[in-house]
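Here it is, the structure, as structure tokens.
By letter and in written order, the chains are A, B, C and D; residue numbering begins at 1 in each of them.
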Amino acid sequence: MIIHLKNTVAEEEAQRIAEELQAILIAKEEIVLVTPSKLQELPAHLTSKVSKAVAVPNDIQLASKLYMNETRSITIGDTTIGGSSNNTLMITGPCSVENEEQIEKAAKFCVEQGVKVLRAGCYKPRTSPYSFQGLGLQGLKLLAKMRDKYGLKIITEVRDASHVDDVIEYTDIIQIGAKAMYDHGILRRCGEARKPVLLKRGFGSTLQEFVQAAEFILSGGNDEVILCERGIRTFETNTRFTLDLCGVAFLKEKTNLPVILDPSHAMGYAYGVPDLARACVAMGIEGLLIESHPTPKEAWSDAAQQLNFDEYAELLASLKSVAQAVGRKLV
Amino acid sequence: MIIHLKNTVAEEEAQRIAEELQAILIAKEEIVLVTPSKLQELPAHLTSKVSKAVAVPNDIQLASKLYMNETRSITIGDTTIGGSSNNTLMITGPCSVENEEQIEKAAKFCVEQGVKVLRAGCYKPRTSPYSFQGLGLQGLKLLAKMRDKYGLKIITEVRDASHVDDVIEYTDIIQIGAKAMYDHGILRRCGEARKPVLLKRGFGSTLQEFVQAAEFILSGGNDEVILCERGIRTFETNTRFTLDLCGVAFLKEKTNLPVILDPSHAMGYAYGVPDLARACVAMGIEGLLIESHPTPKEAWSDAAQQLNFDEYAELLASLKSVAQAVGRKLV
Amino acid sequence: MIIHLKNTVAEEEAQRIAEELQAILIAKEEIVLVTPSKLQELPAHLTSKVSKAVAVPNDIQLASKLYMNETRSITIGDTTIGGSSNNTLMITGPCSVENEEQIEKAAKFCVEQGVKVLRAGCYKPRTSPYSFQGLGLQGLKLLAKMRDKYGLKIITEVRDASHVDDVIEYTDIIQIGAKAMYDHGILRRCGEARKPVLLKRGFGSTLQEFVQAAEFILSGGNDEVILCERGIRTFETNTRFTLDLCGVAFLKEKTNLPVILDPSHAMGYAYGVPDLARACVAMGIEGLLIESHPTPKEAWSDAAQQLNFDEYAELLASLKSVAQAVGRKLV
Amino acid sequence: MIIHLKNTVAEEEAQRIAEELQAILIAKEEIVLVTPSKLQELPAHLTSKVSKAVAVPNDIQLASKLYMNETRSITIGDTTIGGSSNNTLMITGPCSVENEEQIEKAAKFCVEQGVKVLRAGCYKPRTSPYSFQGLGLQGLKLLAKMRDKYGLKIITEVRDASHVDDVIEYTDIIQIGAKAMYDHGILRRCGEARKPVLLKRGFGSTLQEFVQAAEFILSGGNDEVILCERGIRTFETNTRFTLDLCGVAFLKEKTNLPVILDPSHAMGYAYGVPDLARACVAMGIEGLLIESHPTPKEAWSDAAQQLNFDEYAELLASLKSVAQAVGRKLV
């Protein structure tokens, strides 16, 4: 149950009530308590202290449409997604920061195409210790340089809790990778941060678990959570993962969080990305994350799935028509 | 290996070569042999008898783009899909034929909306013996009546080999259901038939197995096979199945068969069907199968996922814009 | 709800009640009606006609422990499994009947090892039309010959409804293959048969669906259904399938049907079969199906997973100790 | 490729070679380099500096049977698993440390049953922020107290990198939870530690990824890694997860790491645990992790799957017979 306390309730009393109800306390303009969802009725002796109370059927609480009946609005620079906007945010860039020359080409390409957010990984969650692991802090600094030089916003991934503070410091949107979706160390620090967080769905995670991971951030006091579907693991291996658009329909219906899609990681092969990207935009979503690289074949990671710049430019043109057909605008 | 024999080769000799190569023989204008794919080189002594020979890397053979480099063209009544057309065929109707009044409402609705193909099940592949099992032959006759009365084409499902001949006789497009995808009894009879076959992917079947099931039909001599993705089974249970659009991208890239999508069965809930249907059309596919019912809540099967007529009409209008945005036309 | 009618109720009246309750009628010593499970209370006006009525929570009805609180007893020749026996039935033989010499070697090996049931496939559910499809009726006749000559019982698989009657005629235990688990044409004919049926779980089928498929047979009047777990399809591809022993624990707890396991198809590689076979026997099951072949490497199908005779003999010896450790006896 | 350098090669030169080959350097009695597996032949100019070089087909390297052809031996207190021992280590205890009284009951029960290793969680990887999250450091201290008072060894889970050092300090076996299997922050710290590590397979992780996660620890210089299969996520939901014993057969065949199984988390229900535990022991494994609790119904987490003490004692007795039947000894 989500309980908004009246402004007349002092913080000390709020703390006492939180303890009584085993609730998490979020202190903002109002004090909000979130109890385990099994609490379905407000105890009578508290009624006078409460301005609003919403019972929900399970632990999708702050993210639920039952609590807030429209998509949350999130602002990145001068751009807004969600809320009453019909914006679909374009994000592109290479899988990894490899060196300054490469990331600068990517930054310039964003500017040229009117894309406002540059993505690239610095801490790569590789499954083998014998592969390239990312440039780490050096990569973060190169990204920050691109932001300053080209007026772009930056999104990059935090891989584990040992470097979460560095990523929070250097990036504009904090990306939590699919393999780190359950990482409490990251989720709690993102809950304290005051920057948008893009939370990727674990490829073995249910929709319920996915949104509950977002609840860790929301209940930590950070309202700006974006969900990102990037493909789940199924028995099919001719494609890298399986993009779960049925799941996206569920998220749009049941939650108040903006949804951004990543068809590149789902497909794993550049040939399928344009068709899938058009399908994603036709779903009416808040954003689209596509990997592109100046020379995909030479990429240090995920070489097969990155588009080259010509392919991306051609795709972007076609996406504009699709967005228009469903009443949305690419930004 | 697919081997086209020269017209100078007599049938008896063709039979002998087929035996030598353990090949399936397809007798049409040309005689075509299909050997196991492990044969990668044409035996030297046969070269003079062969007009064309194509080696493919696995048992996706007749369906492969390596054999025929464009989507096969299939004609249903006065409508063509695949080939050089950019048509996307609309198919709708209820899950089951329940009675004449209900199916006539559905037929009239098709006419009203300009939809040319009516779908409805007569042999329902229910998972419980204690549920409604379909009207059987009586249902087929009601569908045939609607065809005659309203000039519609009919598609209905064959559940098992015991009634495959009845379905072949009464329908315009033979639908092989997901649970029957591996049914040799059905596949072989459909190979002998001279009507289009819509083959649904088994929800536990890989893309490789799916296309190989189509090979049973194609190698039986029937060229008119349409693939239908309708959701695969994954760990996610908040939706009924998971529509595999990555798989569709694979099928479009690797095979020469038209692809029709069924988002209704994948989603399992009406609320998600419109967004998914728009995504499907944006993929650039040959057709769309959507369940609709005069009064979904009273449906005898799959009540949760069928659109009512107003919802379908509204969806259809929006699909036209999406189709146009990707250079396709709804028919 | 399962309703046993009193012997005083005439068949005509029983028919009428069945119709009223939309129930399936099974006529044996007693008349038994099975209604859809949503019926949870017996209508008052029928109380006087009923000797026993059992409401169950879902469409696992005749197979439920709530209906019959011990494992059903099934007799194959002079051997009984289930009931109060602690027998574990050993079944072995090659994947396919290839020719008389090969199947006779297999039959002799059974006799030598004291194995009473010989398995081998005649109708192979191959996923490619370009592979060996089985000897069909000729294979059935070879199996019957082995039965007569060596006093063995025979189990072989029906692939689709087009040859179900042949298999029922020639075999001692009718095997319904994993790909045919949903095949109503087969299930209904097996319901009418009076021979034991071994029903394999579809590799994409839930436990609920699996047991409901058995309900088709049971509600057709055939009491002798054996469940066979043979591996489900998951994301893991280093093994062919994933043997679901958690599922076996569920089946043992919730159903009254004997369970036989097939670790050969689950694993797909001979190296893992012995360890898995020992694990299966330790589960306390009614039978074990292991593929063995005189010369596995030359097998016409499933070459990788079949044990040679030495390996099988060695395994069998170790299985006896495991069986004894869990209070069971190999037969 | 795994390269052992001769002792005559100075560390500085070893560093240079490591750089040249993009290899990880492990400095122990010998200096060992591990290069990406794509290196399949030793460069000629290095031959004279190398005492041993093993090429493996993929990034399962240090864990591969191709590198070390027997199961690694690991010592916990006065007990050894792996190597030439046939020991199967019993580990039990509650899901979570709840308070001193509860954990002391569990410790006394271990002593009484002759179980040498006590398990209990302090940092619980819950999927909802509104559930009990574990006692944290306070729990670690209670576990340490039990070790000192009862002479037990302790195993407890690290959830994320933010508290990895605390867990390493307080525990005897470091458990990496299924949800943290990919956590580089944890894996790298465990690579530096000199304590045994029990690595649980992520429920959405392939066997290849699982063993590669172990490679992070091994290549960090810690030789003592134990693999733990605890159930993977599949489409089946009547059980919590699906215990992958086919996968265990693969791990035993291909890797040199001891394997411990956790049937409690796989099944999710106490009723199935005894049968599964017997199956696990029959597989011939190095250990068994079973959850037990003084009063399971009152447990603060995972109440459904924990055995009570009577059930565990009864199970343990039967496991001894099974172990003996397969030539192993419970310790």
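Assume a contact is a pair of C-beta atoms (placed from the backbone, for glycine too) under 8 Å apart; a residue touches a chain by one contact, two chains touch by 3 or more.
Keep in mind it's a predicted model, so treat the numbers as computed, not measured.
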For this session: Trace the shortest sequence of touching chains from subunit A to subunit C and report its length in steps.
Result: 1
Exercise. Out of B-C and C-D, which chain pair has the most contact pairs?
Worked result: C-D
Problem set entry | Inter-chain centre distance, subunit B versus subunit D - centres from mean C-alpha coordinates, in Å | 48
Exercise. Can you give the whole-Å distance between the Cα centres of subunit C and subunit D?
Worked result: 37
Seminar exercise, completed: When centres are defined as mean Cα positions, the distance from subunit B to subunit C in whole Å is 32
Seminar exercise, completed: Multi-chain touching residues of subunit C, meaning two or more other chains, are 204, 208, 233-235, 237
Exercise. Subunit C touches which residues of subunit B in the complex?
Worked result: 24, 34-37, 59, 61, 123, 125, 127-131, 133, 159-163, 179-180, 182-186, 202-205, 208-209, 212-213, 215-216, 219, 233
Seminar exercise, completed: Touching subunit A in the complex, subunit B uses residues 204, 206-208, 231-232, 234-250, 252-253, 266-267, 271-272, 275-276, 278-284, 318, 321-322, 324-326
For this session: Could you please specify the touching residues of subunit D with respect to subunit B in the complex?
Result: 233-235, 237
